[in-house]
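The structure appears below as structure tokens.
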Amino acid sequence: MTSVKTNAKKQSYVWLDELSTKEAAVAANAGTVVIFPVGSVEEHGDHLPLCTDSIQPEYVAVEVAKRTGCLVAPPFRHGVCNAGRNFPGTMSIEFETLRMVARDVLAELVRNGFNRIIVLSGHAGSSHMVALRLAAQEVVKQSSPVSARKTRIMVLSDFDFAFEVKDLGFPETDGHAGAVETSRVMAIRPDLVKGKGKAGVMNVPRFEIVPDPEKYFEGGVNGDPTLASDAKGKAINAYVVEQVAKLVEELKCN
Amino acid sequence: MTSVKTNAKKQSYVWLDELSTKEAAVAANAGTVVIFPVGSVEEHGDHLPLCTDSIQPEYVAVEVAKRTGCLVAPPFRHGVCNAGRNFPGTMSIEFETLRMVARDVLAELVRNGFNRIIVLSGHAGSSHMVALRLAAQEVVKQSSPVSARKTRIMVLSDFDFAFEVKDLGFPETDGHAGAVETSRVMAIRPDLVKGKGKAGVMNVPRFEIVPDPEKYFEGGVNGDPTLASDAKGKAINAYVVEQVAKLVEELKCN
Amino acid sequence: MTSVKTNAKKQSYVWLDELSTKEAAVAANAGTVVIFPVGSVEEHGDHLPLCTDSIQPEYVAVEVAKRTGCLVAPPFRHGVCNAGRNFPGTMSIEFETLRMVARDVLAELVRNGFNRIIVLSGHAGSSHMVALRLAAQEVVKQSSPVSARKTRIMVLSDFDFAFEVKDLGFPETDGHAGAVETSRVMAIRPDLVKGKGKAGVMNVPRFEIVPDPEKYFEGGVNGDPTLASDAKGKAINAYVVEQVAKLVEELKCN
Amino acid sequence: MTSVKTNAKKQSYVWLDELSTKEAAVAANAGTVVIFPVGSVEEHGDHLPLCTDSIQPEYVAVEVAKRTGCLVAPPFRHGVCNAGRNFPGTMSIEFETLRMVARDVLAELVRNGFNRIIVLSGHAGSSHMVALRLAAQEVVKQSSPVSARKTRIMVLSDFDFAFEVKDLGFPETDGHAGAVETSRVMAIRPDLVKGKGKAGVMNVPRFEIVPDPEKYFEGGVNGDPTLASDAKGKAINAYVVEQVAKLVEELKCN
Amino acid sequence: MTSVKTNAKKQSYVWLDELSTKEAAVAANAGTVVIFPVGSVEEHGDHLPLCTDSIQPEYVAVEVAKRTGCLVAPPFRHGVCNAGRNFPGTMSIEFETLRMVARDVLAELVRNGFNRIIVLSGHAGSSHMVALRLAAQEVVKQSSPVSARKTRIMVLSDFDFAFEVKDLGFPETDGHAGAVETSRVMAIRPDLVKGKGKAGVMNVPRFEIVPDPEKYFEGGVNGDPTLASDAKGKAINAYVVEQVAKLVEELKCN
Amino acid sequence: MTSVKTNAKKQSYVWLDELSTKEAAVAANAGTVVIFPVGSVEEHGDHLPLCTDSIQPEYVAVEVAKRTGCLVAPPFRHGVCNAGRNFPGTMSIEFETLRMVARDVLAELVRNGFNRIIVLSGHAGSSHMVALRLAAQEVVKQSSPVSARKTRIMVLSDFDFAFEVKDLGFPETDGHAGAVETSRVMAIRPDLVKGKGKAGVMNVPRFEIVPDPEKYFEGGVNGDPTLASDAKGKAINAYVVEQVAKLVEELKCN
């Protein structure tokens, strides 16, 4: 097996589970980085689909894979939702369930030799992200002594990068289902954008744990989706892809 | 809201999470049946991809949705694997993890008013199926007293139907990655079939719980994939779609 | 300590917990195989006792022990029941409870040096058997690296053998509390057979997870108990004993 | 159904799981008290069998059932052991496992209408007893609002009564595998008494949680078994039976 | 009982568990708000004690209680630590442990009628805060239907307010064991401040989950403690007390 | 670092979490014993505060620390209550919660090198003590193979010593909130003693697990608090301090 052939194989697939068992062994031996996209089924206003948080990181992961030769694990399209959890259509899984799924997926990737991994979440709620981080922490801790090559896992939301793009004319407070998300979905799946949307604001209490956050979140939008455009979405997506690609390169290095 | 408009809306989407929050409310109110596809990331010989168990039920679910107006929930592409669990590329999650994911997904569907559900698994291992059934049992039990309309959940593997198709010239013992599965994948995703495959047999001990089942399962194929054909796959798939569509119609009735 | 004396000791007891601590140490050192019988407390028609699934494997285990010199661990007479779970008298434990009991019993046997074990269940429901298999899998996996002598565990239902006996004039569909079970109990504990029973059929839906399976299982009998006889029961039991004894001999070998 | 016929039925069986489903319904409707015997598999010196803690409460339960018409549930012959846990032959299950078994058994008895129960344990370690009490507490708490007739559960060790018998010439400090236990086993199963035993004392530290309690418990006997006699055992057993029978009568009353 | 007497009683104690059972009943009936302080045992540079995160919220809680008549529950001085978890002296408990402690404490307060609660944490790590919020969410959800008076729980870190004080001449990046924390401890427990401390910066990777965060956090200080002063600490503490007191008043209202 | 300097440092603090990270490292290296006080929030009659079980072991721990140079870990002031659990003000946590807190605290102490520990509980209920002992057992078992110096943990209630003091004129049956406890609190925190109290007796059934133990425990006092005196409390406390100090010295030795 030469590294040239290996590279050739790696480039022909983007999705890890489209490989055969032997192709997976080759990819793992070649040190291929894997991106694990995590999304949610969550209300995103009247204009965006429930899968808004899923299609953004999946788009980014596929583009990064095309560019860097990394692989994309089968996405997990469920998350722990908070403010939007009582809107119709939102499916919020238990904290512990997300943690166990992420732990099992990461542990099995590492067991297979894929020990350079990026967990890329389109949903960025704090409980959701903590579940992913605790899972990664457990796997990193357990795999430290056993692997010859150090296990390295990164956990991030693609919002961490998306909101770094400035000069788009969006207000600072833009958030859930706002101008950034609407622009990105317009660029990724325009067929799923159902009208222009309506500006709104999330007034969920700062400290109180309320059983009915939707009362403080009329319309389920935090920001002004009418400022969105396909072009802005493409610019944001390009930036996010570029940044995640850099992380992949960093994980390849040592 | 008239039922005509509702039907129109329902027919425009196949995937549940492509709906907006309001569209989801409409679909739930209309009593729309939901199919939840479950797969695995598992060795399927040298000729089939790791996602073999995922793409079969997803194909069936989408075809059934087109025909019946039901919706398809985001698939879960991980399973509890047994005989193939130590082959490269197989990612086997914990029994309890699968049970919790299925329970949360079903409970959230029911909470949203989608209380007629088919869990359609492409993987058919006994642990895997029991995890799904226990999850369904818990949700059925808990929702009985609260819902106005009775919650009804079916759990099946599409193998339950696929192996009912006779007169294909396949041996009785055909199984994992054999002629039936190979034919079906040839019909669904021919680009993922990597050669003709090689006949094999699974000799895992009948009763002993061995730590190394792969030693008794050389090649990871149980059956003769060389007997497969695209045409046979289409025939099998058509039969499975027809049978699952009947189940959807049954769930619609009362 | 000579092996002759060891054999002599082993033959004097059938039940593991009738040994003293020192006798247990001797038996473990001699590599004695242990059978762990598992039953249920479950409806078996009007003619058979709730302990029907318990007394069959216990009878087999004792007979095999007399013949092979293996030992029988204290039975666990509870199971995970499904179709019969709402009939009066059925006591169905949680899946997780059965799994933990089986895991603890197996782990403690192995810790004591009894690392060749047969889990012999009289109840054969799929959830029940999966709980036992997962427990065995966990113990086999964990004990692999530590024991000098390889841990080997088999998990089976005595139905796996009972229904292999042919030429008894029983219909193919015979099952729960039917002719086979009735015959076997007639041969083991005739005093517990309360009349001839009544033929019935289990019509529990193939795929739907119903909260009230008893509605589809009038009489709680699947088969025709009136075809049963003591002589047929003896023949079946003899066959099952012979087959399980072969498994014990196989476990003794290496 | 008249109460006379009910009584007749009840008296014909001692073991609950020897009833058929219909007989169980009758017994439950008649308010029959159930005793659930719990034992252990534990070292008891060189002269007593591992099942010493199991056969004592089972003997008592059967005798009480014969006298009072109560029923005996299938025994659970495993316990949480402490000082003797590292001796050969001892099988100690996890605290949580015992708690779950007891909870499931009690909850299923109550669900079946048997809501007057005595948990009678032959093992009396504090962890073991607490597991049983927590299980009973959970079931009592949950069943309070639902049952028409109040659920009442008692949890005790038969040692609570056995050591109340005085004037036997046994020292105050008699305990594990000592004169009382040896006498009782001599009276119940003389064939399992392997010699006279040897006096010993348990010097396990008062407060320290040691990993090797057997080092402080040479011989595994706390007391002087040579003082035991069959006649003394009969006297103790008779007293325990009488006391437990009184508890059954108390539970019958209201 | 008049409300005047009740008020009088309330004012005489600050700590909830210094009340007798009857006094607790009176306080609960009067609708008294309770603050539950949570801290950590965590490295805070060479100049601050491990209890830094505990004494800050406890100080605030006591001062608020004196001013508003609320009560302070016994503090829990352990937390889920991340960046500092491998420094000597840090004791980091499991996420699930913190969640269960907080859930039990909150549920027991509510069961006692204290259903207006502020969880005030001195540690502000995201895992730690999520554990507290999930606990509160569970209790709020479960108590909603049962209490006559609505259960209201707030969860916050006192950092949420401490870093709102401006014009102190501290850099924006001040954080763990920096100028704010050092000033506050100087004002609360000057005897526990061990020297001036040394400026440092936390360079833990933005996304990677590293097993050895201490390598990126030399000195365990994020900020410049040499800028701290007792006077600044007093000003910060006064502000935090004032803000938390406002929250108590808000909880009293309806 | 000389042992003289180490001793000097150790003597300046009593509470472990008042040390800085470096001071903690020094104390751990010096083999310093740690006392972990555990209490409860529980009804103690009308005359004693809810924190009665907390302040006794904390007082003892601090006095022992002053005398022996050991350290005191942050107390945990919650327990598993039984007979008093439904009185106003009692906060009883789940068995599993106490077990997890104790396990985490002990495991983290051991990880930090503090592997000689006394868990000193002011509450002495059997469930409560078993939770603490199981936690200690788990930590002792897991740390055995890894630590160079043997981990030693003791678990006790200070009642184990308090009731050894004789000649105080207290009846043998003195118990919860009785003369011993009242005397001790009078000596420790006289400001929290609210009157002389009233004699009472705990008549909770010997074996039955009742949902309403308070019905058998009018007044919540078991004994006669009117016999208490400050002087007797001082005598008892002095004896308990002396005994616990001996245990510390024993743990220091090897």
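Note that the chains are named A, B, C, D, E and F in the order they appear, and that numbering of residues resets to 1 at the start of each chain.
FYI, a contact is a pair of C-beta atoms (placed from the backbone, for glycine too) under 8 Å apart; a residue touches a chain by one contact, two chains touch by 3 or more.
Just so it is clear, the structure is predicted and the values come from calculations on it, not from any experiment.
> Provide the labels of all chains in contact with chain D and in contact with chain E.
F
> Of all chains present, which has the mean Cα position farthest from that of chain A?
D
> Mind checking the rotation angle between the two copies, chain A and chain F? C-alpha superposition, nearest 5 degrees is fine.
120
> Suppose chain centres are the mean of their C-alpha atoms. Which chain sits farthest from chain E?
Of all chains, C has its centre farthest from that of chain E.
> Could you put a whole-Å number on the gap between the CA centroids of chain D and chain F?
Each chain's C-alpha centroid was found; their separation is 32 Å.
> With centres defined as the mean C-alpha position, give me the chain A-chain C separation in Å.
The mean C-alpha positions of chain A and chain C differ by 49 Å.
> Return the distance between the CA-based centres of chain A and chain D, expressed in whole Å.
About 56 Å separates the centre of chain A from that of chain D.
> Indicate the residues of chain A shared as contacts by at least two other chains.
Residues of chain A touching two or more partner chains: there are none.
> Name the graph shape formed by the protein chains and their touching pairs; answer line, ring, star, complete or other.
Basically the chains close up into a ring.
> Could you walk the ring starting from chain B, turning first toward chain C, and list the chains encountered?
Result for the ring walk from chain B toward chain C: B, C, D, F, E, A.
> Quick check: in the complex, which residue numbers of chain E touch chain F?
15-25, 28, 39, 41, 43-51, 54, 74-78, 87-94, 96-97, 100-101, 104-105, 108-109, 112-113, 192, 194, 220
> If we count contacts the way the header does, which residues on chain E are in touch with chain A in the complex?
That would be residues 95, 118, 126-127, 129-130, 133-134, 136-137, 140-141, 144, 152-156, 160, 205-211, 247 of chain E.
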